[in-house]
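Let me begin by handing over the structure; questions about it come next.
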């Protein structure tokens, strides 16, 4: 069993790592941190884990990860950079769930409005695009939740060089906003609502530009996020306008071919968030009319959009089958 | 047009007063306070009112209510008592939406754990029980949201002296918890949930005991509140155990008779929150099996459970028809 | 008081007409039909209207509308055409809430896949675009719910001749699918879901093309509808790509100018479905980045998207102020 | 690997059996029936299982279960009795998820209003009460969803002989009503709603009376069910009135003692449906005031309330650890 540490165990991505790793056949969580809950049993913070986790929260000092093979940093951007270099320097592999290592330094600093004082080279951990590099990496930057669903929806057509313009219109469950109550997460503000926010300037946009740009030069990318009344899930419509007419059959063939070795991407006739809930799948459906293609993708934002993908990355980094611990059906309905 | 003031206009009961009073044919809001929004237009705080309200928030000083015939105090308990006596002393009638004047002084101090420094006699403003007293009152204590639905569900059988024990199991929309974000109102904590809280010790219990006790001596009363995933509405099941067997027909007759002059209580075959939403109605349905009667009541917690009932009380206090400004259908579905 | 009839009173748009017309100061419903409920009181079918409507459902024969000044047809497409010509022929004005008279005959027949046996010229009843023609019309085709929100979101920029391409991504509450239970409206299929459907081939598309095409030649229009977990409301993101760069300030000015005499369109800084719920408003917010503009619009699909707009049309057709009976605040939250 | 069959695989309990059994280390589904989907791949009916199940639906003939060690009957009451005796007669063990074998024959016929033509003795499969009998049974009647949560909430105090009266007020997710669309499951009828139904005469009541009656004579039992806006979960408040005063500490001790060997019952300080979602746990919290105890219990109606408990019973019947295949954390939030 490899030894796993978690920096930031009291939030949603932290508890999701604990949920998923409990059933991992080759990994074991040995240290989990929380400043706020330090010294308290994990299940007091996460009562749903009662009976599953007898760890006690520790402080996020490096020595508390002695003996760990790999550590997940599940803290906000700006925070992760305080731990990642230290962990790497003592020889511990890292999967960072924050945004701190996903972008080029200058792009990051512009997008997040802060200076990056601890920059390191990292692999962008979308295994469907970068599996081989992830396998060799010591530091993997786990993608943002929106970019995961958006990039996977457009990648095959970008790889084929066919996209003129893509408009991503995404709807996320509210856990994406974190565990801390705010006006944004106040129940009456979400009930019977669809709430667009950061309509033209969400920071996840830069990841989409970076990754789609690597596949095809000059694609025009737009992105608008919103939240819907639910806890989990991201549904993205990628409205894609092509450089030339392509038949629906051909588009589908391109997707089937691109994802033929990708266990966690399933081509479906339509997508439903309830068909991926709780699982690491990204379901994709393709629709078309003439020079326009609409691709819908569905993920669970806390699994394929965060902690599940992080474990998938861990599996690849450590030479395991990428499915280890993630090979179970979604919770429907 | 009578002149109306509102102390506390930035919360849900305040905005609901504004929504309802806009269409009142005989009353006009002339002053509305908010410390936080002082000096700003009301619609900036409440964009849904854009075009309906050109007032500017003022501070809650007594002089700002000069010329008012009546004032609603829509601030938390403990706060209202700072304004009510001053308003009364300058000859302004008051409907207090807080808990400060609903209970006897000693009961209040025990229930709310604070000393009442400005106690006055008030009428408990449940018009279906106290219409005549309300008509003569200068200070009306507007009932709590839970007590409104609970007391109306049990009153006819209590009046008939038939109740041995009543168990109120109530489910409220989350606006009852106010406009301020908390862990309790955090969306993921409410989604797909029923959350019992203060299971055996909610403070609204004392209002139920007081009012049912006035109707029948010695009734055993229990109350358990919970929230459901919705913004508005309180659904109460009153599980009533009788002193003697009464037929369902007779029970229904008792309710029809008791409420025959009460426009805002409608006897239905079943109740649905969507049949009262946005309106001042309390719908009631009666079910029975042998010595047990189940009475379900449905209200909109912000209307009959708060601001609508407050306006109903105002109408009665000022000699208007109690329906003025409240005589419109619910918003279904 | 003008006399009003309703063909099809048992569905959601029918009950919404009844709800709204109850408070109309100049109109009175005198006949409402339902084959299924014929001979039964309206409130038995719609218990939320108990106390508000003592009409009895009648059959949809023309003679039952004797004496009516105007009739609303609130039945499915293909059904409305059975009544509309007969009503017009006896001199009764008609607002048709179905799709039967919204499109040119040939476009209609292609889009709806049926022969139109009773075609008449009608005015497309979007008052913000066609107020003067509505005023003179005997037959007004009330717009579809999606087109209302979409067209209003794009019209000012189309009028200015600035649009290259517009992508409408709309999310509707489920009442748009009607009152009849189907797999689509089955609760577990909607819970915590965003469900795209008819992704590239919804029939409302043709209304958008028709109306935007009248304002500007050659605009490329795309439309994808979906449902969100709620009963009421349509939130549309119009992703608009411009022919030339226009500043955000200039875009906003164009919208303010276009809608300056339109009471039911409110420019807001952001839109929320809860800010228009139950009301006839269309709220619009404009966001921009370089050559791309995102316009979000919010309506209540049963009011501005159906029955409220139908009454607005009636008001204009009869020479009333368009606000009569519709001049009340939304139900927030 | 034991061989498992499922009669009725197209509904929610059927798909939940497939979801859970996929990860069972000692059992394998070899036959699953559906008249409607016969001949089609299981994943076409249940797209969320794409990649997990390559079985094809067969018809429910006995020969299709040749070689099975155990069969789950997941069809409606009245249907199950057509298969159960035949299966038993060819030596196949059965867990029946319908109501057909839960009650004494005469009680069943009264409660369900039909003649039982194929009655057999069965063990009531609530393992926390009947583990030893389940271990020896060939036919286990899997408890109803409501009775599971209700009986577990009251059993310890009943065993102690302390209950005078218990009132169960339960709120269920809508999947309990099945996969077939009805007016009851129509989205707008559930949205922002709490819907009481069969308020005093739900058929699950008889299971509660039977099981609580076995533990303590003469307990007065009442039960009122309702649905809340969610897919999964049952939250029950058991309002218990005691024969004598018992301290809260003592009550808690009684529960801790009663459930000390029951892995799937967890004592918590409060209960949340999100803390048990997707899992086989029944969480219980105890609250008290004088002679009244309120016990809240939370289960996932499709797991501990149906398919999970069925697998727990299978494990016990076949001599496995009851946790096999069910030992994973809930899906929070």
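Quick notes on this one:
We just call them A, B, C and D in the order they show up, numbering each chain from 1.
One rule holds for everything that comes next: a contact is a pair of C-beta atoms (placed from the backbone, for glycine too) under 8 Å apart; a residue touches a chain by one contact, two chains touch by 3 or more.
The UniProt protein names, listed by chain, are A, B, C, D = N-acetyl-gamma-glutamyl-phosphate reductase.
Keep in mind the model is a prediction, meaning the values are calculated, not measured.
Using CA-based centroids throughout, the chain positioned farthest away from subunit D is C. In terms of C-beta pairs in contact, the better-connected of the chain pairs A-B and B-C is B-C.
With centres defined as mean CA coordinates, subunit D is found 39 Å away from subunit B. Subunit A and subunit B have Cα centroids lying 46 Å from one another.
The distance from the centre of subunit B to the centre of subunit C, each centre being the mean of the chain's C-alpha atoms, comes to 35 Å.
Counting partner chains per residue, subunit D has residues 12, 175, 188, 191-192, 229-232, 272, 274, 277, 333 touching two or more of them.
The touching residues of subunit C, counted against subunit B in their complex, run 12, 15, 18-19, 22-23, 46-52, 175, 191-192, 231-232, 263, 266, 268-269, 272, 274-278, 328-333. Remark: subunit A residues 165, 167, 169, 171, 173, 188-189, 191-196, 199-201, 222, 224, 226, 228-233, 235, 237, 239, 241, 270-274, 277, 287-289, 292, 294, 296, 333 touch subunit C in the complex. Against subunit C, the residues of subunit D that register as touching in their complex are 12, 174-175, 179, 181-183, 185-188, 190-192, 229-231.
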